[in-house]
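Both complexes shown next keep chain A, but they swap its partner, so chain B is in the first and chain C is in the second.
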Partner chain A sequence: MAEKAKKKKVVDSGSAKGQQITMLFVILAICIIWTIMSEYFLTVDNWVNIVHTMCVTTVAGYAMTICLINGGVDLSLGYTICFSGITAAMVVYDFYGKKDSSGSIPIGLAVGIGTGIVVGLVNGIVVARLGLPPYLSTLAMQMVLKGLAYLLPGLGPVYISTSSRYRDLAQTRIGGVIPVTFIYVVAFGLILWFFMRKTVLGRRFYAIGSNTEAARLSGINVTSTRICAYVVTSMMAAVAGVLQSARVNVGSQTNGVGMEGDATVAAVIGGTSMGGGHGSLFGCIIGGLFMTLLKNGMNLLNINANWQFVLIGIFLVISVVVDTIRREREMSKLDV
Partner chain B sequence: MSVLLKMEKINKYFPGVHALTDVDLEVRPGEVHALIGENGAGKSTLMKCLTGVYKADSGTITFDGEPWDVKNPKESTDKGISIVHQEFNLMPALTVKENIFIAREPRKGGGWLMNDEEMRVQCRELMKRVEFELDPDTEVSYLSTAHCQMVEILRALLTDVKLLVLDEPTSSLTADETELLFKTIRLLRDRGVAIIYISHRLDEFEHIVDRVTVLRDGHTVGTANYKDITLNDMIRMMIGREMTEQYPSRNAKIGDVVLEAKNFINPKLHDVSLYVRSGEILGMSGLVGAGRTEFCRAIYGADKLNSGELYLRGEKINIKSPSDAVKYGIAYLSEDRKRDGLMLNQGVDFNTYIANLKEYSHTGFVDDKAINDTVDSYIDRLEIKTPSHKQWTQYLSGGNQQKVLVARWLCKKSDVMIFDEPTRGIDVGSKYEIYKLMNQLAEAGHAIIMISSEMQEVLGMSDRIMVMYEGNVTGEVDISEANQEILMHMASNTYEQYKASLNQEG
Partner chain C sequence: MKKVLAIVLALAMVMMMFVACKKEEQKSSTPAPTPAPSEPAKSSTEPEPSKSEEAPKYDKYNIACVYSEITGDFWGVVYNGCVAALDELKAQYGIEGYCTAPATASDYTQQMDLLDQVLLKKPDGLVLCPSNADSIGTYVTDKFTDDSIPIIVIDRSCNTTSPAVIGSYTSDAYAMSVGQFEMAQKAMADVDKVLFIHLGISKDNQQWAERSYGFMDKAKEDPKFTSYTGDEPYWVSQVSQEICIQYLQDTINSHPDDNILILGTCNSYNNYAITAVSELSDAKKSKVTIIGWDFSATEKGYMESGDMYGAMGQNPYLMGYDSTYLMCDYLAGKGFPEGASVPFQAVDITNIDSDEVKAYMKTMGML
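Let's look at the complex of A and B:
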């Protein structure tokens, strides 16, 4: 028996490596095609643009990855991005003060991210304490936030004065070249990776996502841990929301709409499992980059950019099917 | 004598593993043929080769006089081989008749509508064949395990079944339910249906089994008439060594009372109490559904309690949730390891330290190095067979999965361990190891509560036995006075009459 056990292959993690390597090749292929077809593709300006665009998708992807690892899903993610961007913009715009002056940017940031924390708390309490299915409770939250996004600022988008430094948050180039958004992607990725892999709280997210009942019987307080997971998720969504509003310099009701879809796609293409317990933050970068590149090239080539959605939809199915087949093949080798 | 199924020199390879080597199996019509072997011996693989889930790499199969060449399970069902798995494939929200006829419903209205009346009629006919009554319109979610199993068997009978494979059919049945199943099996056998009966419960074989085939490490060890061999022969064939004793002896010093539960009341418990001392194994016997699991879950804070008091070493404690219980050093190893115990898609290491993350972390950050050393030491100490501490627990055998859970609670330094059906679904050789492990725990001063539906196990392992019946404690005996008869009477709440009858005789 012992010898037989030794011969068995070790399956240690929901290893997303295979899928990620495949995706890197796909991305390389896309880059080569776009380079051949457009001379503008390989310019610094274009890549700065690409990085700016992918930043929000990737950060939103981080948020969704954490939610998925914990065994949940957050359909309110898009409107959390939207609504926290609006609340931040309202402070920066100095909504309640004199209209020609700018409000405080730090307070704006705090309010925006605080909005996310409140949304996460409510989501978490409804899911973990009241026991509603995540699909339903976050769908309800989506509705609520959609309404509030229009009701709170009165009507219409909150435009921020061009004299405000708010947009520098997302539009600065370090040394005139490296977009600050690139730093965000890397920095938040590292912080969250560290949080998920190295802290007790993060490790418990995995436990709950893997088997909630087993986690409960192991003495983990599932309710409070799950609430924390939703708070982290919505807080990261709020970060994405603030960045998005800074990038376009407006707290708009259309910012972030549908982003829960993009975030899920980025997470899943990057190798995160919908079943909970496993996920890759690094994969979100790949997923975010893939979607952004697809869209960017189409814009450059004047292809109707709506084709990107058709392609992404098809590609999502293919990538999950291929990955499932690959996993099944690995499993069948183990089945004795 | 005619032969229904003949499998000859079956070989099956998986990368790195020769799962079946020249396996032979011969089944005659109208016999109950037990297929036994430890977990991993190749029973499931052999059955999968038979029903078309796998294709054997070499070897020949003859069924009913013709070469057998099926590519998928559906084809094998159509040709007369059905399998009832240990875990049922039923749709709880559908009715009995809908489950039996699923995908084979009689139609009307040009094939667009289901013919419910016809289904009911055919259902009753099927039930007559096995002399068993069940309302065809009951929703399956309301049925007991035994009745669910009957629905599975009825479904198998719907096609003209010649060979029925039953995989661990009695593992979650009570004694009465098992008798019902045996009656059905005998009826089918008498009608010429051959039955392959896979089970770890060798003690039940005398009621039904005609012949036995033993597999070990992917080889056929032999086939014999049940009458010609003893229990010990079978065990020896399965494990390849003499099993001198089924239950290892222990040398534990029984100390003071560690945990005491007084007057526990909730909808499933009617004022029950228990205590357990250090170094002691308290066996909890009773029928399935007697409230033993519910009692332990209430102690552990996993189920709600209306009233009741809990004392740990004489001090009153208040447990509201499992996390409180864990803090007080109480551990619960659930009867369903996969559902309530393990995180199956995580490694052995993750499953070991997860209850005790706090100890292996500094100010909220996990110390992976300390964890790895600890986990490796437990793998060595408990002899957990795994290629690496990273191996997903879903790929371990039942015995090793149970050891991982023991490691989890040792790692947490729990004093009181509640084992709920500790050897369910675990093969004979590994059972012995689990027993040894429980003995070591008792010797080290842990207080152990063991819920078990296997009478032999309770008698073999306990220092003291308490018996429950429908949410009440119906008796408690020291091991020196316990025997099967007493326990059976306590478990069916007939102990008082039994005592009275003994007195009359005396």
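Let's look at the complex of A and C:
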């Protein structure tokens, strides 16, 4: 059994890297096609927008990647983004006019991210401690958050004053060119990479996702580690939620809704295994970039937006099928 | 541990149900805290349809108002108008009524449950804003088979053949859309060519579709205006917020030399346009003009900051207030007035400080 697990680990690791390299080539091919078809694709303004657009999806993708690596799933991710954005916006809104608005922004950030931590804690306790299936428990959390997203603000969307600095959180350009959101993607990616690869807790996420029973037998406290994984997942979702609400300058009930789908696609296209134990944050950036580039080129060419869904859906199936075939081949090679 | 948690959750659920019921009771009997105008709104463009005429003598009717939502910049004001009318009618004539809506605006199944309750309670009249024109329309056709509970539809279309529907009280969306085009002509007077993107809501609902078609029809007659999306607007309800914003940015980036005009058809879409443009370079921003739909404090802020040229404003307060009175008039035997429509107001950076607009804003509780 240990031999089989070892073999699976070798295959998964190689397979994820192989998928990422393939995706980099696919992205390159897409870039070449769009460059030929649209003269505006390779412009600074366009790439600034691409980075702006992919930021929230990628940060949400980080969250889902961590959850999947740990062998879990989080259907409440979209509404965690929505709800944490609303709580942050409510704090900024309430302070605005009563105090210096800039003073309210750090508190809004803290409240938004704190909301995510609480959501993750509840998700983690329900899944790891009570043993409920993650699909069911996070679906229940999704419903709770959906209700609270409407009940808490009381007046629908929370529009932030146009003179507030809240929007600057997501729209500032460093040196007038580089979007601050790009810095977030890189910074969070590096922090999470260090956490996942270089800390004991991060490596335990992989271990539990790969083989829960083996992890338990080797002395890992599976319950508390799972809870931590859900906390980190929801915290990153909350970061995405705050960024999204800052970007649109409103804490809206439509922010982030359905983004658990985009985040999962970004993670899976980037090589994260739906079965747990394997995946990388770099792959998630690739997945986010791929989806953004595909939509961007089609927009530049004025192709109906619904084709984007069709193409991404087809590509997701292809990438999973190719990945499965590659794994099977590598497994059979090891058997030989 | 599991048993304790289960008991705690069950107790919390029961307590929340009590709290929710109590709040619902308060909501149906007291006005919301948003400032309401001291007197019923006066139309800035059309005469007030019901209240200004000779007040009829009403019996003690029971009115149900089932909206698609009762919160937000627009619907919160509609709700205030309705509650103000119900309070007046209760004080003067002992008329009872309530106003409710599903938790989510698009949740037509929950609205059907609310309509089931209306059928059980059998009020004298129903004011309805359908969450979905087709689904609720079919439901109304099936369940309201006679005119024992007359229905006034507000804000949008309800695709039904039910004899219960006695009239519709909405803004003239097509006329407003034409007004939006006239505003666009004024805004783009200094340029030779305009490439526009009309952010339409949905083709399924005639009232919503007309928010775009009035503009698009007029634009076809003016060679200066070219639609980037052809004969149809860009139907935003088919895509997500992120996709719409990206679409706008990509389109603007791929037309650096064009003067671009973006038209909103509701508060949310106004904000999508503002967000999309705010992330562009200053050079690109200077080539884009935004004209919105539904005027509120947010749109006022955008106009003051120079992000938006103007917006077509409905009068949500009157929509709620007048529709309640119109139902009482009908029940008192006055019939439903031909061509009744909710007044609207064009607000832009050239008239935002005028007395006319200030009077309009007062009716909205904005001053």
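The rule we apply is simple: the second predicted complex is superposed on the first by the 311 of 336 C-alpha atoms of A that agree within 3 Å, B and C clash if a C-alpha of one lies under 4 Å from a C-alpha of the other, contacts with A are read in each partner's own complex, and residues count from 1 in each chain.
Just so it is clear, a contact is a pair of C-beta atoms (placed from the backbone, for glycine too) under 8 Å apart; a residue touches a chain by one contact, two chains touch by 3 or more.
Just so you know, these numbers come straight off a predicted model, no measurement behind them.
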**Request:** Using the superposition on chain A described above, determine whether A:Gly175 touches chain B (first), chain C (second), both, or neither.
**Result:** neither
**Asked** What is the contact status of A:Asn211 with respect to chain B (first) and chain C (second): first, second, both, or neither?
**Response** first
**Message:** On the A-aligned overlay, A:Asn49 touches which partner chain: chain B = first, chain C = second, or both, or neither?
**Reply:** second
**Request:** Classify the contacts of A:Asn299 with the two partner chains as first (chain B alone), second (chain C alone), both, or neither.
**Result:** second
**Prompt:** Touching A:Gly156 in the superposition: chain B (first), chain C (second), both, neither?
**Reply:** second
**Request:** Please indicate which partner A:Leu201 is in contact with in the superposed arrangement: first for chain B, second for chain C, both, or neither.
**Result:** first
**Complete:** On chain A, the footprints of chain B and chain C overlap at residues none
**Asked** Which positions of chain A touch chain C when the two form their complex?
**Response** 38, 40, 43, 45-46, 48-49, 52-53, 56-57, 129-130, 146-147, 150, 154-157, 159, 161-163, 167, 171, 179, 247-250, 252-255, 257-259, 262, 292, 295-296, 299-300, 302, 305-306, 308
**Prompt:** Where on chain B does chain A make contact in their complex?
**Reply:** 14-17, 19, 40, 42, 45, 217, 300, 302, 321-323, 325-327, 332, 334, 339-347, 350, 354-355, 357-358, 361, 364-366, 368, 385-388, 390-392, 395, 408, 412
**Prompt:** Which positions of chain C touch chain A when the two form their complex?
**Reply:** 1-2, 5, 34, 69, 71-73, 75-76, 103-104, 228-229, 238-243, 245-247, 249-251, 253-254, 256, 267-268, 271-272, 274-275, 278-281, 284, 297-298, 301-302, 304-305, 307
**Asked** Contact residues on chain A for chain B in the complex?
**Response** 1-2, 4-14, 197-201, 203-204, 206-207, 210-211, 213-221, 275, 277-278, 332-336
